[in-house]
Amino acid sequence: MTPYHHLVHYYETDRMGISHHSNYIRWMEEARVHFLTELGFPYDKLEEAGVISPVISVNCHYLATSTFADDISIMVTVAMVKAARLVLSYQMINQEGKLVCEAQSEHSFLRQAGGFVNLKKDFPDFYQKLLELSQEED
Amino acid sequence: MTPYHHLVHYYETDRMGISHHSNYIRWMEEARVHFLTELGFPYDKLEEAGVISPVISVNCHYLATSTFADDISIMVTVAMVKAARLVLSYQMINQEGKLVCEAQSEHSFLRQAGGFVNLKKDFPDFYQKLLELSQEED
Amino acid sequence: MTPYHHLVHYYETDRMGISHHSNYIRWMEEARVHFLTELGFPYDKLEEAGVISPVISVNCHYLATSTFADDISIMVTVAMVKAARLVLSYQMINQEGKLVCEAQSEHSFLRQAGGFVNLKKDFPDFYQKLLELSQEED
Amino acid sequence: MTPYHHLVHYYETDRMGISHHSNYIRWMEEARVHFLTELGFPYDKLEEAGVISPVISVNCHYLATSTFADDISIMVTVAMVKAARLVLSYQMINQEGKLVCEAQSEHSFLRQAGGFVNLKKDFPDFYQKLLELSQEED
């Protein structure tokens, strides 16, 4: 899996002169979308298959600031996967190799029509790939 | 009609120290929603009635800057209303009475099921109120 | 202390039909600004006094969805205060009394000129008020 | 000059299922930053040279909708350049070659220390390049 790159936009800075902390939550989503595409299960295709994946929780630790024109490289790893729950970890590193942010997000998988998706049964290929990636982390 | 008030949020400022210009487009929407509610036709009720109202165009003239904690008062007026098209004007004034922004937005009215809404025929009360407000402007 | 109210904006929803999860991080900031103003130490005045307060970490648990036109009431409490560190807790409740989100944010206090602020020494009134509120929580 | 590409993010959609209209104003900024970098005058370097460039006005015509995962190609052209004023035009085209948005933005150039910049005198190379691009448009 390749890292996702985000060039910090001017409109993402605040009057402290740095990237506003709320944007990192959005960059996590951008990196997650890139990760799912690389995995072969792009999020728009999951939606077309009637699946939605709400975010259950996020946490984010800001270790260094970033600002306009910085090139943030984001690596996504699988912290945990279960039948109806996925936890992803994010490491964000700037163009000088400095770790600026560590974060996690937790997701469930629902049918648009209602009811939970069982990843293991309903999307076994997807589940298997996530599981393998999660074991690589150990 | 009463003006809408927007207190500028910290996350709306940029590293120039001022409200980022893209946010005024969002404040126009906030003021429009307030305006429609005061008129007796709240936007969420229009949606429930199967109507959506995409924005066709916007223009925005930035006359003075604003920043965090400023209290922006936004007055919405009807510039033009036709059977399937509405043009609104916005005047934004800060807490010291200074004009910071003048803007316009243009809207059409569509059925979620497809096809245009004819405001005059399908929502005569709404059309009539908009028409009266538009004539007050003359 | 009174709760802060946020009416969910149309532009805060996503194509899942709900408030995008990143916006809750911004609502936390809005509620925090309101809280500091009520406390008698508005954030823009702290900035004028040469103090900035970067966010060190956030976590956010999404318990129910919200959407356009919902009225979210946000209660801020002091989870912990030390000489150079503050942890705030947030409870977000919708217009029907349902808990939609529980969150925390962690803050440090720096001088714009460089170096940490010691709240206890440098802003004893502010520190004292935060300490009292933190003890009420127990 | 090469077009700028923006992949529409999930958080940029609204509950109408389309990219919220305010985001196009932000994409204009992204494309402008790319354009200035290609021109050899990156915006962060202009800022380092003590220049800021506030937006004086924008207008934006939404011709077709876009949504999550669309690949929007944005071409920036110089509509007009004068000693202290620049007007840029934007054409946004989706992955199927459909024109989704036409827009313009108007900019002035100020010194952070106060006072206008005269592009022709103070940044003759920059002015000359913009002028040539503007004449190509004719």
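We just call them A, B, C and D in the order they show up, numbering each chain from 1.
Definition applied: contacts are C-beta pairs under 8 Å (C-beta built on N, C-alpha and C of every residue); 3 or more make two chains touch, one makes a residue touch a chain.
Worth saying up front: this structure is predicted, and the values here are computed from it rather than measured.
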Using only Cα atoms to place each chain's centre, name the chain farthest from chain B.
A
The larger set of C-beta contacts, choosing between B-D and A-B, lies at B-D
Report the inter-centroid distance (CA atoms only) between chain A and chain D in whole Å.
29
Provide the C-alpha centroid distance between chain A and chain B, rounded to the nearest whole angstrom.
35
Between chain D and chain B, distance of the C-alpha-averaged centres to the nearest whole Å:
24
For chain A, give me the residues that contact two or more of the other chains.
10-11, 16, 18, 22, 26, 29, 68
Footprint of chain D on chain B - complex, ascending
16, 18, 21-23, 25-26, 29, 52, 54-62, 65
Chain B - residues contacting chain C, complex:
9-11, 26, 29-30, 33, 42-44, 68-69
For the complex, which residues does chain D have touching chain C?
10-11, 13-18, 20, 22, 67-68
